[in-house]
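Common to both upcoming complexes is chain A, partnered first by chain B, then by chain C.
Up next, the complex of A and B:
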């Protein structure tokens, strides 16, 4: 075991490696991107995706999957550009209510032993309907403080980069370094033994779903801070992006194996992949497939590393 | 003190004059224009992209502009298109032409582009950000024009059947409200029934066949495009006399019209938006880059086909496609001047 590079190490480094590789390729094709302005433009829309990815990761930690996160982020965006702007108190109450509904979903899934995919997919239609009710036609405007926050000009490093690093470290600390984080991941690894050890499975699920709701709210707010207004369909794509982000970042669908820092990097990698293809000037007909090809490439690499790990 | 301020003002004025003069003379040969398109999944959008390639390809080889690249997002999603626009800013395009996934969700990115000194022109799917130019479709007028035509054609009026589009979509509401407004102004017409045809011939045929038995004699059918041929088939199947059906520039509609025209001198008109409107947006962007004064809100002219130019239009329309017109630099100048 004195080999310098173990498969395990490779696997945890893979998200960072693919991100660096993609960034280097972009800088090579488009030197203009290698600047404060360039990084900010490429990565600022990655921040809401990273937050949605973390929300998804909370649910994946306890072996569930959230197919409603995109629609949920849309609802938050719609609340953000209407109630939060006009009657801030109602807006905050509504957002807290949304988080409470998420916690309730966790309870429902745990108590009735329902498949999370079905429940969250069903909820995605409820969220979408709710969003259309709040904001029937695209529009609204973002609260000024939120716009000011998301377009903050920080010295040296763009705000999008600083924000991503902060979020990643914070969630890493919360899930990987605290006692309760370990318990939550344990519940994903072996829920029965956690319950036998005296931990309430209900409480764990509710906490993780509430955390998912909380990060979903942050994602919606970050998104409208950048777009300045919303429509009900604004974030539907986030559902699949967030799942891809978690997996790209080294997480697994089952077993509580997650990596918060990897997830944030995964989300940013997905954002960069889009930039990369635009800069390459691939014809529109091929762009759709090329985006998928990048995903498959990274996942294939991981499968290879996993195989190497198993062989030993 | 006073004199120095005066001097500065004068210098400022001189500078202003100088810069506006240089803008007026600006050449666009080194300017790059990008197309950000949100969707390419139907024949209209495909025709739109083909027109763009054809017209801008020639403009590039003629040296009018340096580049005119088209980009389509993989999925019809606003967040993805916002990222795409931000990438275009980085690529150093001088103008971005947008067919937007959402009228509002791109505003942040559009503002970033404007702040970076980039000209943003939106068309068809327009954006509301004030710094961008908009080439909008006046769908309401499109509905109203049908009644104006009918009022000329049939001064005595009669019963109308209205075929609407997809329920709940903005375009359907707009065209329909235009039709109803037109019917109110021309009181000799009465809308006897309305069905939803979803802009598709087969759906329209079924819907019209379903409502026909309950209707009195129908003088004319007002439509939204993609539904005229289906309506004609339904009338034929029911054994009722064929009314005047307004068409929507689809190939099957024009072909049917031509057959009827040859057989019995059938008269109608056809109206829709030409996919080539993308080339209008291109020339508008080019004119703005050239320093010309262009109002921020423009309206797309409709592509209307009448009895006398039916054959010419049918000939240039691909089977299964939509009648199209591509704009030239002078066409665009004429639209702007209006």
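Up next, the complex of A and C:
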């Protein structure tokens, strides 16, 4: 077989291919979307989803799953439109506290050997309650600097696109290229041998959960920068979207096989899928089902590629 | 510096529950020697190596390294600091990482700018040194390599040196996935390594490797070192001989044994590919033993028999009703949240159904019957299965298999960690059931249990290499077949 088109290559190109395909389909149906303004409109809500997907990916790297990330992004959004605006110091402290709680969750899951889905699902209700306490009714207002940052007008390429590329490259470098990222992925691949080689499983898990918390905070801030107000339920659907984004981007649930660039593309693909279905005039009632169908289609393609690889 | 001491174990003992794995081992490894370690299943080789590598903590005895007695607990980091590495039988690489990244995992000092290049160069350099022209590139993902190459990477990684000098490498069956050429390359590398003052402990079932490569051979049996001599004073025969137990009188009771094969009523037959391969067969009322070193294909045989149940073609004939007694009862055997009664009756549910529902009366009755029959020590079968000791849990698993209507019962080394009294009960029960016409296929790692079998197949390298009727069964013949006789072709 040609060295250039190996199944592994195909598999890692699949997220980008499906994104391009979807974008081309949108441009075909609605040529007016092919503009600075159109791209910005379609993709800017993809930025917080991409950040939440990266948060999810941190947890998936160490073979866990975070079912509370959506509610967590909601809490961050509520803190952002209240404390962060009125008493910035308290707001920042609260956000740092949230990240610390995430690290503590990682420690709890590792030390007590608990299933992560149970712990994070339980926490999702805690986060939701916390969010309602901070912001009982939808509203609030966002700090001006955040609003200004998220609506930045950049030349040539919309800010949402530039931001997505920057985030993807940064996380790719951190997780795939640095020596420490290697250790984190290794802990997903073979936790026992990592401990045999003298690495602390506890530290790795706490670090990755803290990273998940950090990206969850960024996702919440990016979200309110665009929406300018918040409510407790604002990001609940992010939980499943983020898992879908990671998987769509070429990641796997276990084994430390992840792809940060793929995850960002996966999140943007899911965002685009919404616009695509709107352009097709599919009623919002059917959109979630149609989104699921797109997901199944891409995953089926991946399964086919894997099968081709096994046959080789 | 020549012949200075690397590590010295003194009276090291280790028990797992009631089972003593090591009973007072003294072992001294000097710089620049290769020590071959041989012994049959359960001799304590793996336990000893795990203690040396720091992954298991010994109960009593002392360990000194480079002449210094260790004050506190010995551990993995301590082993690393003192230049002791271990290549375990199960691969310890991360399959999702590249070759270079796996080098980084072992060496914390590989970091900072350009670490990937340095890690790659370090490991591929060592690979080239041990296995020339191996075709492995530093950026290859380990999971994409075939098993042989993965083992090469694992071995080469153990020999790489960054900031801590390397003194001793333990190689536990290092050639199990290597082809002949690579195995030869490794052995000559080991000799070069020891010539430069490093030390190796080599564990292998290929006695040729041991005899040709090591300077000294240590023979273990029943958790003790029974013989240690220069490699030159051993040959195949004497090495196999010293692995066997001294007591031979028990072997003689096979003489009065009558084979059941004459009846010709085959219950299970499994064809095997290959011209000189020995096919597997089990007859009605027969207890067939699967012997050989652990992990040489016995469990796979049981699994493939189970998978083929109900199939009757030329290559394979297996009855419809087959029961399996798992060896690893924690993961494959018990339902930990269920009662003893439910655990006993789960395989027989279809026979207890009354009008689409399970008849609780019949269920209770069946559980009670088996409790008495095999003497499970419990006041009430409705107690949790976890209230029983390990041996009694295993009895319940036997009851589950025997209580079903299976014609053949497959047993995957089920007596691990079971006390002697329970074992005797179960042996008696198996014999009774066999006399009543059931067929047993029994994989066991214990030599004594093979004496309960009518017919024994010995496995080596995923193949049946010998077939012994009970009358011909001796420990020596099993050992001879388990370890290679001639150089591997």
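By definition in this document, the second predicted complex is superposed on the first by the 302 of 312 C-alpha atoms of A that agree within 3 Å, B and C clash if a C-alpha of one lies under 4 Å from a C-alpha of the other, contacts with A are read in each partner's own complex, and residues count from 1 in each chain.
Just so we're on the same page, contacts are C-beta pairs under 8 Å (C-beta built on N, C-alpha and C of every residue); 3 or more make two chains touch, one makes a residue touch a chain.
The structure presented is a predicted model; accordingly, all values stated were derived computationally and were not measured.
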Partner touching more residues of chain A, whether chain B or chain C: B
Contacts of A:256 with chain B and chain C, given as first, second, both or neither: second
Which superposed partner A:115 touches (first chain B, second chain C, both, neither): neither
Contacts of A:136 with chain B and chain C, given as first, second, both or neither: neither
Which superposed partner A:237 touches (first chain B, second chain C, both, neither): first
Partner chain(s) touched by A:88 [first = chain B, second = chain C, both, neither]: neither
Which superposed partner A:38 touches (first chain B, second chain C, both, neither): first
Chain A contact footprint on chain C (complex, rising order): 53, 55, 76-77, 80, 92-97, 101-102, 104-106, 108, 110-112, 115-116, 141, 144
Chain B partner contacts - residues on chain A that touch it in the complex: 30, 32-33, 37-38, 41-42, 44-45, 48-49, 137-140, 223, 226-231, 233-238, 271, 274-275, 278-279, 281, 284-285, 287-288, 291
Of all residues in chain B, those that touch chain A in their complex: 37, 40, 49, 69-75, 77-80, 82-84, 86-92, 102-109, 111-112, 128-129, 170
Interfacial residue positions of chain A with respect to chain C in the complex: 8, 177, 179-180, 182-183, 185-186, 188-190, 192-199, 255-257
